[in-house]
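In the two complexes that follow, chain A is the common piece, with chain B as its partner first and chain C second.
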Partner chain A sequence: MKQYFSELFTGGMSLVEGLGVTMKALFMPIVTVQYPREEIDISPSFRGHIDLILDPEKNSYRCITCGMCEKNCPSNCITVKGEKLEGQKKKSLVLFDLDFTKCSLCGTCVEICPVNALEYSKEYNLAAFSREAFHYDILKRLEERIK
Partner chain B sequence: MLESEYQEQNRFFLNMGPQHPSTHGVLLIVLEMNGEYVLDPQPVLGFIHRMHEKMGESRPCPGFMPNTGRMDYVCALPYNHGYVSLIERKAGIEVPERAEYIRVITSELNRIASHLLWLGAYLLDLGAFTPILYGFDDREHILDILESVTGSRLTYSYYRFGGVCQDIDEKFVERTRAFIKRLRKRYGIYEKLVTKNIIFIKRTENIGIVSPDMALRYGMTGPNLRGSGISYDIRKNEPYSVYPEFDFEVPVGRQGDCLDRYMVRVREIEQCLRIIEQALDRLPEGPIRSKVPKNIKLSPGDCNFAVEAARGELSYYLIGDGTSTPYRLKVRVPSYSNLSCLPELGRGILLPDLVSILGSFDLVIPEIDR
Partner chain C sequence: METISTLPPELIRMVISAIIVITFLFLNAIMMGYAERKIAGHVQRRPGPMEVGSHGILQMIIDGIKLVAKELIIPFNVDRTLFRVAPLLSFTPVILPFLVIPFSEKLQARDLNMGLIFIVTMGSVNVMACLVGGWGSNNKYSMFGAMRAVAQAISYEVPILLSILAVILMCNTFSLKGIVGAQQKIWFVFLQPVAFLIYVVAGLAETNRAPFDLPEAESELTAGFHTEYSGMGFSLFFLGEYTNMFIVASVATVLFLGGWHGPHLPYGEYLGVVWFLLKVYFLLFLMIMVRWTYPRVRFDQLLNFSWKYLVPFSLANLLITAVVVKL
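Let's look at the complex of A and B:
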């Protein structure tokens, strides 16, 4: 009988102690961020989907259309096409398509690129109504940035 | 009516899952019940089978890197670690010492994050809502630290053959040290909130006792095995990377009930912190990546590599055939063996106790189904 009551007492006290912790938390600074209204800065090394780097010297891309990224992508989500345009010695990029629905953000393409032409974008608010919306034409995105 | 007939009539089947909150994923357990008592729980697997092993066999070996983290998304870095170490052993690639230290630090941080998430989720299963919020608060700090160096928050693919892809800087070291200090201060909160709580103790003590013999029979590993009192940790028993250089203990439980498994994990957090502290103190300078051939050829023959993931022994087995694509890749995951003792353990217990046992095993279903 005595043991029963002592257990009841220590058990009850343990609950009160636990409640004390939560009471304390009531007066501690808030750690949650009200997301759509507040935003936190993203880490500089954040890996978003890939983007072409804008070379300030050429005011254009650095890509030489070698296709290394396309070949080494484990998910086969990159399509690169280069064509020899008239009056130019080197091939120029006509299509750089990323199927982001398949991409697993491993970063192989960025690392393998021999001329360092790719970077990670910082976009993370990604939502759309159709699958096709995630087929990014990266060349077009770069051209828009140049404008 | 005879007693046995009455019993027979009261038998019924209950599907627990695949959408049940306490199975933490898509695990179905078909329960044969008699009233509130479970007679025969049978796990049904395969709802989230994604043929990871086959994917590993159908592409050159660097392409499997992102898959490894996705098998166990809660504790992805040890999975990366096992795979890169396997290929390094197979192809004879040397790893710079600094890279190994970085691997150990980040892996241990990830292990703590996994244990904190488990702690919160387990108590959520038992009906306590508050601890998960404290657990997530602490875990968020780890994810921020890891994001600053790896670039993502869950599926890192941070390690590369022959090193890691990004060096850690002074700021990383500083933040990690601050985090260690912070987490040590928070032990008191967890103790008051959970460990001493009478309801928690009543729900876990003497529930789901796994005897050492039974644990060995089913091939259980990790904190579940250590909870049964057997001191077996790959980091100690079959050391890899730079683990032999660190001084840490392997916490073991007494009788193998849910409370022991809980205590082992909580004490393991402190040991992880100790490893990280020592690694930060001794962090050597130097390169983070060695020179690796562009096309890694996997010589004919087999190769195995085991690491200690947060849930137990994770072992990769590979057979090469001279090309860069593995001929066979087998992944031995800890949760599969840990779950397999459930039919024996769950016979004749109350349904709420089954939830408590399932939670205490720390199952990650994508890892089981692969």
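Let's look at the complex of A and C:
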């Protein structure tokens, strides 16, 4: 009999306590992010697709077209082409393609680059209707940034 | 104009009140649906509906249009008559109690001297709708839901009636107007707190609201008795549920919270409706908060709670009330 009443009392008290918790939560600020209208900062270790680093001294890329990234890519998704243009001592980059549909974001290309020319981009709003939209011309992206 | 004057005035009165009641009923369902989703959102610290209209205020209207426009799917091998009757059976009886609810001293369609019994009777027809819908759907989950609804209603009708009876003993009338009139000096919630608590808890179970929403327990039974319903069939069940909640809350207001009584207002015999609705919506707010606070009870816990706690307590309360009134 004693247990009957004590159970009723403790149970009732815990119910009231629970209501208090939700009542407090009702007036607390919202914690969800209203995505299209609000965005949160991306963590610095975020791995997007690769991008060429813009060297502020040269105002251009650092890539020496050695092709290490292309050779070491486990998914074979990078195509690098360099040509010796007239009046230039070194080879310059003419094509840097990334087939992002195959990329596994392993980061080998970024790590292996001897001149540190690659970085991860912070793009995550990626959606398209065709596969071709994910064949990125990384060089063109850099040129657009230089402008 | 002449044709109107030849009609019996009582008929005109009934038609007008029926129109008001049905309009109010849809409005109430829309408001409650919006409030429910908004409060659920804020309890979980998210904003709730935000996209349609400012702060999602038109969300329920859009949802209503969607439901009306949807096809009524009647699955293969169902009992066609019962399947179609069930939503109507859930919706129609919940309109009738509005005829006797005294919104204010003069805003009452009919003052039946058996008003309370009328409401209780109509309230239990809703369970029939669950049973008919669940049985007619030819689906085991619907059937489980229907059976649970019946078992639940049978065990929770008893404490509801016993707690109501305690109030009846104190004011000696079944007329709702008479009961509110008897609370001129002091609300019955102060004289009968136990009966009030029992009524509110059992009322939650009567309306199949969480934490007693076993008939439609979505995680176990998909949607219980209305699993197979789509479009307007579903929304009639939905309307029925919200209107039932309103009726349970307004009966609680009439019996325990002093109905239309409150601080004096001009045209008090009509504007008492403000106090009445404020009390009703306070109770409804509490019901929504309860839904988003507590987890669903297990079925044996549900029945144990009724037979081991609510029924003995309401019986004891009734006995004490009878003795005190007699003295």
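Just so it is clear, the second predicted complex is superposed on the first by the 116 of 147 C-alpha atoms of A that agree within 3 Å, B and C clash if a C-alpha of one lies under 4 Å from a C-alpha of the other, contacts with A are read in each partner's own complex, and residues count from 1 in each chain.
Keep in mind that, in the parts below, a contact is a pair of C-beta atoms (placed from the backbone, for glycine too) under 8 Å apart; a residue touches a chain by one contact, two chains touch by 3 or more.
If you're wondering where the values come from, they're calculated on a predicted model, not measured in any experiment.
Student: Which partner chains sit in contact with A:Q34 here, chain B, chain C, both or neither? Use first/second/both/neither.
Tutor: The second partner, chain C, only.
Student: Looking at the overlay, does A:S6 come into contact with chain B only (first), chain C only (second), both, or neither?
Tutor: neither
Student: As a test of reading the superposition: which chain, chain B or chain C, is in touch with more residues of chain A?
Tutor: B
Student: Please indicate which partner A:L26 is in contact with in the superposed arrangement: first for chain B, second for chain C, both, or neither.
Tutor: second
Student: Once the shared chain is lined up, is A:N116 touching chain B (first), chain C (second), both, or neither of them?
Tutor: A:N116 sits against neither chain B nor chain C.
Student: Thinking of the overlay built on chain A, is A:F46 touched by chain B (first), by chain C (second), by both, or by neither?
Tutor: A:F46: touches chain B, not chain C.
Student: Applying the document's definition of touch, where does A:T108 land relative to chain B and chain C: first, second, both, or neither?
Tutor: After superposing on A, A:T108 lies in contact with chain B but is clear of chain C.
Student: Chain A residues touched by both chain B and chain C?
Tutor: On chain A, the residues that contact chain B in one structure and chain C in the other are 15, 18, 21-22, 25, 31.
Student: Enumerate the contact residues on chain C facing chain A in the complex.
Tutor: Residue positions touching the partner: 39, 42-47, 50, 289-290, 292-294, 308-309.
Student: Mind listing the chain A positions that touch chain C in their complex?
Tutor: Residues 4, 8, 15, 18-19, 21-23, 25-32, 34 of chain A touch chain C in their complex.
Student: Under the definition above, what is the set of chain B residues touching chain A in their complex?
Tutor: Going through chain B, the ones touching chain A are 59, 62-67, 70, 130, 134, 137, 140, 144, 147-152, 155, 157, 160, 165-166, 189, 192-194, 196-199.
Student: What residues of chain A sit close enough to touch chain B in their complex?
Tutor: 10-12, 14-15, 17-18, 20-22, 25, 31, 43-47, 72, 74-75, 104-108, 111, 120
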